[in-house]
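Every chain is named by a letter (A, B, C and D) in the order it is written, and numbering of its residues begins at 1.
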Amino acid sequence: MSDWAYILIAWIATFTATGAYALYVIRRGRKLSRIVPPEQRRWM
Amino acid sequence: MTTTTSRAASPVPAAPTGTGSRVTRILGIASLIGVAVLVLYGLRISKEDAQLGETIRILYMHVPTVSAAYLAFVITAVGSVMYLWKRSEFWDLLAASSAEIGVLFFALTILNGMLWGKITWGVFWRWEPRLTTTAVLFLTYLGYLAARAVPTSTRTRGTISAVIGIMAVVNIPIVHKAVDWWRGLHQEKTIFGTVDPDMKGTQLFTAYLGLTVFMLIFAWLLIHRFRVAWLAERANDVGLDAALAERRAEGTADGSANETADGSANETADSSANGPADGSANEPANESADESAGAGLGGAR
Amino acid sequence: MIRDVALVAGKDLRLEMRSRVGIGQVVPFALLVLLLFAFALDPERGVLDRVTSGLFWVVVLFCSVLFIQRSFGVEAEDGIIDALRLTGLSAPSIYIGKVAALVVELLALEVVLAVGVAIFYGTTFGGFPLLLTAAVAATLGIAGSGSVYGALSARLRTRDTLLPLLLLPLLAPVLIAATRAFEVGMGREAGQGWSWVALLGIFALVYLSLGALLFRPLMEDA
Amino acid sequence: MESVVHLRSAVAVLGRFPALAGVDLDVDHGEILLLRGPNGAGKTTMLRLCAGLTPLSSGEAVVLGVDLARQAHAVRRRVGLLGHATYLYDDLTVTENLDFWARASGATTADGRAALDRLGVAHRLWSLPVHALSAGQRRRVSFSAMVARRPELWLLDEPHAGLDAAGRDIIDGLMREASSVGATVLFASHELDRAGDVATRAVEIVGGTITAPVPPAGAPLAASVAP
């Protein structure tokens, strides 16, 4: 495995992990906001 | 973190279906553009480094993630102190959301460090000061998340996480000092420290670009994660109203069936049962959500 | 204040004498682990005496988890947390009292363990002033931070598994510093042992004062 | 004079269960108030709320002049709570327990010993570890630990449970004595016949709310409570 392979793994892993976490948070936000009544969901 | 821009004039737009808002859309777009530019610079445009060679490209991942993680733990510590002082839900949820993101970034820091190590030392793990410190602190904050996951009342969970948040952040400098003295004696090649000072031109630009992009990502994640935590608490309160109404119904329905044998107690219970129950049923039960809902970040009433 | 601290510490030590958990269970466990390490590391090949101070402190750390679990587990039963809240004892005095009792128990364990190590592993202890101050500073740090986490996890149902996960990573610097200080004390490593003792001292001071501050919210709200 | 306990639509939530769902209650000095109601009605939570141990979720709660919403811990020192737990260290002996709990609350060991005598705890039991005692004896010891502290407000959760006839008489006597000396007693009980005699007033709690405000002490008590 050449140096470049590890570098690519580093970048890909970092961004996919962050992206996956972002999706997880967004999905949870959507799921929860179906339960909570609208007037409590005023965001700035 | 609390962006308190004034609200758009009425008519008030329909409530968003998720935790998105104008602020997060701006931050989200900026982050995506930033990531694209960072990839371009980090992997294509910037040259390899005189000493570090190609491995400097992993540095562009490592420095931002460790900086974001430390920022996250500082926010957790501030949130914890403020929670113990002010006792308002906002600080507790902010501390918890920030800690979770911090642990994610610490995990990425360790991953990048190991990949960097594989290239430079040929092995994934060396008891090198930076890597060791990160691993120890990672475990400390894993403890924070584990303690928070234990089912208990929100008040107890808030106090316990606040205490852990403070105990853990105070440990950071101590662990740094101990590990530096302990492993610092063997001066292997180590790049982590601060950004490599003699970077020039595009390399320096890329390093700072990386830092800014990850700060944007961190802000975006924190706002969303906070709002999810906020919604989770509100979802509990929704459940609470239902439970409260049900509990009162149990009071009236039960009036006639309670176990005391004597007749007189029964009919007195029935006749006046609905009086007090109705009076206090409709007033909003979750006062606690009101008085701490002032922050711009969370939903304002 | 001192009277309350003595009252709480006295109660804890009397509890220990009555129930004999420390002497009857934790100390034998410590000696047992020394044997296990000997079985695992085959004393003939000289591995053992190079790692003695490390093993010593690892065993002390594990035993401190047991002592802390015992000390705060007793408080969590029979509604005693509520009873304690209803007395006039201030949170810091309860905290210092419990830390004091823990320090006494841990120091006693360390003495027995040192004798065990001297016999089983044939280590000769030198540089006594350094070893003693390091041991006392480390024990204060362990008891100081451990009591906060002990009180905190006693409130939760899964306290037995949560306490080690919270406490041991926090004690990493103590393990590093104490082991290095002992290595220097026993002449097996150059370097200034006293700076390690200074680090242990800072750790103890920081967490003792932090503990006294944080114990109030733990008593009142958790 | 301001009432000792003043609750207005007090709500207390345990986890997500609203144990108290809007309680209105006033208790004056010297009263011995009986709290009646089925299991799970919220009696224990009510007592713990007044002791400043269970946090108030919403509504108003002032006990002994202390606003429980803001500094519940300030009331704890002046309150005595007796529940199903023993509040004693099982491994310590009776006297060691009493000495500790008495001195921790500012009383003296003599107060502890006097309380033990008052509760009729035989001297031969004094040097036994608490875990060696029977449930009834343990109950008397935890009662004496509370009496030794001379609380201004007594919060008793089924004080008669587990006690023999003699023990119950002592408890009733202590309650009357406390009330005469200006303290206030709020106790939950299922033994309505005995409780009715000693209580000056009774209220019914069902489903986390007070449902039957029984006529004030002046009215003939026997009619509304005893069968």
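To be clear about the criterion, contacts are C-beta pairs under 8 Å (C-beta built on N, C-alpha and C of every residue); 3 or more make two chains touch, one makes a residue touch a chain.
In this text, all values refer to a predicted model and were calculated from it rather than measured experimentally.
Q: Across the interfaces A-B and C-D, which one involves more C-beta pairs in contact?
A: A-B
Q: What is the distance in Å between the mean C-alpha positions of chain A and chain D?
A: Their C-alpha centroids are separated by 52 Å.
Q: Round to the nearest whole Å and give the separation of the Cα centres of chain C and chain D.
A: Spacing between the chain centres: roughly 39 Å.
Q: As a quick test, compute the distance in whole Å between the mean CA positions of chain A and chain B.
A: Distance between chain centres: 13 Å.
Q: Going through chain C residue by residue, note those that touch at least 2 other chains and give them in order.
A: Only 221 qualify.
Q: Listing for chain A: what residues touch at least two other chains?
A: Expected reply: no residues.
Q: Hey, what residues on chain B touch two or more of the other chains?
A: Expected reply: 151-152, 155.
Q: Can you name every chain pair that touches?
A: Contacting pairs: A-B, B-C, B-D, C-D.
Q: Mind listing the chain C positions that touch chain D in their complex?
A: Answer in residue numbers: 4, 7-8, 11, 14-15, 18-19, 74, 77-80, 82-89, 220-221.
Q: Name, in rising order, each residue of chain D that touches chain C in their complex.
A: Interface residues on chain D, with respect to chain C: 48, 51-53, 55, 72-73, 76-77, 79-81, 83, 85-93, 96, 100-101, 103-106, 129, 145, 149.
Q: Which of the residues in chain B come into contact with chain C in the complex?
A: Residues 84, 136-137, 139-140, 142-143, 146-147, 150-152, 155-156, 158-160, 162-164, 166-168, 170-171, 174-175, 177-179, 181-182, 185.
Q: Once bound in the complex, which stretches of chain B touch chain D?
A: 151-153, 155, 236, 239-240, 243-244, 247-252, 254-255, 258-262, 264-265, 268-269, 272-273, 276-277, 279-281, 283, 285-288
Q: What residues on chain D touch chain B, complex-wise?
A: Counting only chain D, the residues touching chain B are 9, 11, 13-18, 21-22, 24, 36-38, 55, 57-59, 192, 204, 206-214, 223-227.
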